[in-house]
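Next up: some structures, all given as structure tokens.
Look for subunit A in each of the two complexes below; its partner is subunit B in the first and subunit C in the second.
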Partner chain A sequence: MFPDLLDGLVANLHPAMLLLVLVGTVAGMAIGAMPGLSATMGVALLVPFTFAMDPTPGLVLLGAFYMGAIYGGSFTAILVNAPGTPSSIATAIDGYEMTKQGRSEHAIVAATVGSFVGGLVGVAFLIFLAPPLADFSLRFGPQEYFWVAVFGLTIIVSMSTGSLFKGLIGGAFGLLLATVGISPVGGDVRFTFGQPVLQGGVPLVPALIGLFTIPEVIRLVARRRREAEMADAADGDLQGWLPMVKDILSRPVNLARSSVIGTMVGILPGAGGSVANLVAYNEAKRASKHPETFGRGEVDGVVAAESANNGTVGGGFIPTLTLGVPGTPPDAIILGVLLLHGLRPGAELFTTSGDLVYTFIIALAVSAVMMAPVGLVAGRGLQRGVVALPVRYLAPGIALLSIVGAYAIRSSVIDVAIMLVLGVAAYFLSRVGIGAAPIVLGLVLGPILETGLVQGMLTSTGAAQPWLTFFTRPVSLVLVAMSALALLWPVYQARARRDRGVPAQGGAD
Partner chain B sequence: MTPIRTLRMVAPIAATGLVLAGCGSAGESAADYPEQRIDYVLPFDPGGESDITARLQQEPLQEELGQSVSISYQPGAGGALGWSELTRTEPDGYTVMGCNLPHIILQPLLRDDAGYETDQLKPVYYFQSTPNALLVPNDSEIETLEDFVAEAEANPGALSVGGSGDFSANHIGTLAFADAAGIDVTYTPFSGTGTAVPALLGGHVDALMSYSPQIVQLEDDVRAIAVMTEERMPGLDDVPTFVEQDYDLVDGAYRGVCVPEDTPDEVVDRLAEVFATVNEDPELVESFEEQAFVLENYDPEESIELTDERAGEYEDLLTRLELMP
Partner chain C sequence: MRDLVTGVVLLALIATFWVQRDYRAAYGGVLPDTVMVLLAVMGLTLAVRGFLARRSVAEETEAGLPWRALLRAVGLLAAWALTLPYLGYLAGGIVFFTLMSLLMRTERLTWRGAVLDLAVACAVVGAFYLLFTQVLYVRLPQLGG
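Now for the complex of A and B:
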């Protein structure tokens, strides 16, 4: 392994290779920043171009592009509340709050540092621990995915800054939306109201754009001008990018925890960046000494979400390369490219094609490293531009971007309609205190929850009591305990605070 | 549905504006076909078997057609969204869509309204199939089909068989086998081969009804106990067939391309010719064999016969099992 690792490193130092990684990273960032053009779609669009190349540079380009795209999704999430990919859902929560407070530069720097660290941590796990982690991922069966989803849903508790009841209404609405279309197990047609186009369900990316971005456009227009504070660099925030980087690096635990969470979720074939960023965000909030600042422009929220989603890149390649099981949707495409070149994933791939595999893996790390300087320049440039843009251009610009983004996914006008309907609904729901985040959470986790439950009941038909298998498997038990803890933690925290005389979080607004 | 059609027309026109300006009214005369770019649409997510196949075909297709071929995706509802969209597409031969059996037979048969009917999709060519293969983990006590049947008879319903999708080739293959062997097993659908495989490797299901490429891809970890072909597959001589063990089961997923039903026959025939030639491309043939894809050659007429024959069999089986709605 180590000679190959060294060869991979040397191969990556070649100027042509560095240029290729740079091009891939920058192109990925640009595509990732466009709402609607997800990392998956971007990678698929890029595949034909790689056919003109040898397998190694082709794969390197795809990997760098993927890494960049996941990072690029943070830009629009922070600047205009439009998560560029489903991996940046949680980034928008605090990132856009920071923008509204005139701290968008700080948020962009946070996303950059987070993505850089997360990307490297994921790759480190991929290099050193791929085989045992791939084996571990196999212990996740239907029952475990069910509990992963339940654990994910406990995030509603911490995301409901106002009232828990309203958060639960939002989550239930999201779960309900997730049931539209052909059921994942059984194939029944549900809630399509006789419209065949709804058989595909509520597509995630148009829904994301609608739920997060459209209410913001309506607010911008209704208010006619932005809050005065939105202008750059309000008082009290750090000035210049270097102090900002130092500020973020001064809390290494958050960075490390979120990166590892991202990597681990990325390894699970049934979950990906869309789940990882939410879980990491939630854990950051739970571990924070001041959880009440989350949702109100907490820089650690941005760091958590962005380090987690770039962690999934390395994590996702673990089952992809060792088992031939794609860890995330873009991995499925890259796996296809491997097969096209006659490269079969498995332990053998690492020995017979070690130079290719390690060149590819190291290129992922190089891409993560390149994101930092490129992001600090391009990201902050974009930030200055957006902040300086008058609302009369900004609002229609975002609206146009939203419509194009929703349409682009599968050239469907219906997706645009779904996006707009959900957007207007989300605007009115937010007026009564029901935020977009719990709805999205329900929409993301609903299918995982349902599939896990039904598959678990089916595969254990032979057991005396099939439902008992949800409680008897070791990994399930751990997840049950984690879910219970997640539900009880806020109660404990509130009590501890009351004892110390600090007002309970979010109770009064 | 006019807005959709208008917008779908605008995109290619914008992209090929120069070509169009040069040729005037493209697509009116079948003799000159093709005069512009052809959209090869897959009704699935990128990365699957259909995608891999289309990628292999892309370059030889462009050579044969003398036009560029662009691959795009319209996933949703197990392919039904794309196929329903195809019925509303201009029948000019400039949009061809990946078409899979048994999907396009079973969806209209079993769903109240799948958004299309099987005969609204005009088959051009079926060029490939992946036979069903029954897989168990390497360390399973089940070593042969006989063991499998014995195990199922000992514990009716307890043996769990995973597969890709509901009423897919995997599902209907499991039903047909259970019916032929007179056993009771529980089929669990996964969202695709990509999620079904780890369920087998992790021991969450006892067996997998999957497709032949997995025999090769997973050769280190799984044992293929039978495959649904007439004869043993080339390169997989040690994998027995169901047929040689007295189960008359030959089935799997067939991949081809379709166009809207009103597409002129001349255009369909021209396309079929091209796909037939592409099927002889040495690189494609080699890659197919490596990955255990079976090369098929069904011209438009034979494709319709194949579809009708499969449809008849499925209807019989589902009626017998009382699964028809």
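Now for the complex of A and C:
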């Protein structure tokens, strides 16, 4: 392994390869920053360009692009509350609050450092722990995926900045939206209101843009001014980017924990960055000494989400390269490129094509390193541009991007309508205290929950009580315990705060 | 009052889903039915709570926007989306970008300001159009459908 690793490192130090990684990273960041253009879509768009290339530079370009795209999604999430990719949902929660408080530069630096650390941790796991972790992921059956989704839904407890009851309503509403269309198992056509276009379900990206972005556009257009000052004010002692970087690096536990969570979630096929950033955000809030600041512009929230989503890049490649099971959707595309070049995933890939595999893996790390300087320059430039832009151009600009983002996925005007309807609904729901984040959580986790539930029941039909299999498997039991802990921890925290005489955080009714 | 209205709307929404129930596959209705029942119970609870406390103002809700301004914002966005198949991305984008920026002006509108907004709209929408159609090969709606 080590000679191949060294060869990979040397190959990546070649100026042509460095330039390729730089181009891939910057292009990925640009695509990721556009609402609606996900990392998956960007990687798919790039594939034809790699056909004419040798396998190594082709894969390196795709890997760097993927790493950059996941990071790029944070820019618009922070600056205009429009997560560029589903991996940045949790970034928007605190990132946009920081922007409203005049701390957008701090948020951009947090996203950059978090992405850098997360990317490197994911790659380190990929290099040193790929085979055993891939074997472990094979122990996950339908029952375990069901519990992963249940564990994910416990995040609603954290995301409900106001009333927990209303957060639960939002989560259930998201789950209801997730049941629209052809069921993931069995093929029932459900709740389409007679519209064939809804057979594919409520599309995630238009829904995401609608739920997060459209309410902001409505507020901007109606108020004709920004909600808060937005122009960057002095952020305490943090003047200039270097003190901000130091501030973020002074949170090593959050950085490490979130990066490892991202890597682990990335290993689970089908989960990916959209789930990882939410889980890491939840854990950061739970572990925090001041959880009440989350959702109100807490920099640890941005760090957690961004470390985790870039951690999924390395994590997702673990089952992809060792088992041929893609961990995330972009991994599936890159797996296809591997197969196109006659490279079969498995333990043999690391021995027969070790130079290629390790060059690719090291390129992911180089891309994560390049993201830091490039992101600090590009991200802060974008931040200053958005802050300086008159609001009468900002609002139609966001609307323009939202429309193209919703339309581009399926070239469908109906998707634009879905975005708008959900956006208007999200605005009115926010008026009664039901936030967009729990709705998105239900929408993202609904299909995973239902697939696990139905497949688990179907594969256990031989058992006397099929539902008991959800409680008897070892990994399932661990996930059940984690879910119970996730639900009970806030109760414990609230009681501990009450005992210390600290006021409880908003309405856990 | 807001909670009461939300609860009632939620119950109405669930009713529209409930009447469409038609499951054929095994366990096809387990999740949807469970979610609908849970949501109905929560909607009913919300409505009852809202009815009982209809004179008090919920603490966690944000301040509402003036209805006229809200209608202007939603109307503009709805008109933009509805005319998209006919005006296309480029023409529709220029029209509604300009209209939105003109309506968002807080100072008195002048000819010079209107021309500036139109020029900005042409530049921004044109740049996005070229980027998406020529660089990213994303097909966008055209004028006339």
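Convention: the second predicted complex is superposed on the first by the 501 of 509 C-alpha atoms of A that agree within 3 Å, B and C clash if a C-alpha of one lies under 4 Å from a C-alpha of the other, contacts with A are read in each partner's own complex, and residues count from 1 in each chain.
Assume a residue touches a chain if its C-beta (ideal position, glycine included) is under 8 Å from a C-beta of that chain, and two chains touch if they have at least 3 such contacts.
Model, not experiment: these values are computed from the prediction.
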Partner chain in contact with A:L458 - subunit B first, subunit C second, else both or neither: both
Partner chain in contact with A:S411 - subunit B first, subunit C second, else both or neither: both
A:F51 touches, of subunit B and subunit C: first, second, both or neither? first
Touched partner set for A:G201, first subunit B, second subunit C, both or neither: first
Partner chain(s) touched by A:V185 [first = subunit B, second = subunit C, both, neither]: both
Subunit B and subunit C contact sites that coincide on subunit A, given as residue numbers: 185-187, 407, 411, 413, 458
Residues of subunit C that touch subunit A when the two form their complex: 2-3, 6, 10, 14, 16-17, 20-32, 35-36, 38-39, 42-43, 45-46, 58-62, 64-66, 69-70, 72-74, 76-78, 80-81, 84-85, 89, 93, 96-97, 100-101, 103-106, 117, 120-121, 124-125, 128, 132, 136-141
Residues on subunit A engaged by subunit C in the complex (per definition of touch): 31, 37, 45, 162-163, 165-166, 168-169, 172-173, 175-176, 179, 183, 185-188, 190-193, 214, 217-225, 391-393, 395-397, 399-401, 403-404, 407-408, 411, 413, 416-417, 420, 423-424, 429-434, 446, 449-450, 453-454, 457-458, 506-507
Footprint of subunit B on subunit A - complex, ascending: 40, 43-44, 47-48, 51, 137-142, 181-182, 184-187, 189, 194, 196-197, 199-201, 203, 269-270, 319, 323-326, 329, 332-333, 335-336, 339-340, 342, 344-348, 407, 410-414, 451, 455, 458-462
For the subunit B and subunit A complex, residues of the former touching the latter: 3-4, 7-8, 11, 45-48, 51-52, 55-56, 58-59, 71-78, 80-81, 84-85, 110-116, 155, 157-160, 162, 165-167, 186-191, 194-195, 197-199, 201-205, 216-218, 220, 287, 290-291
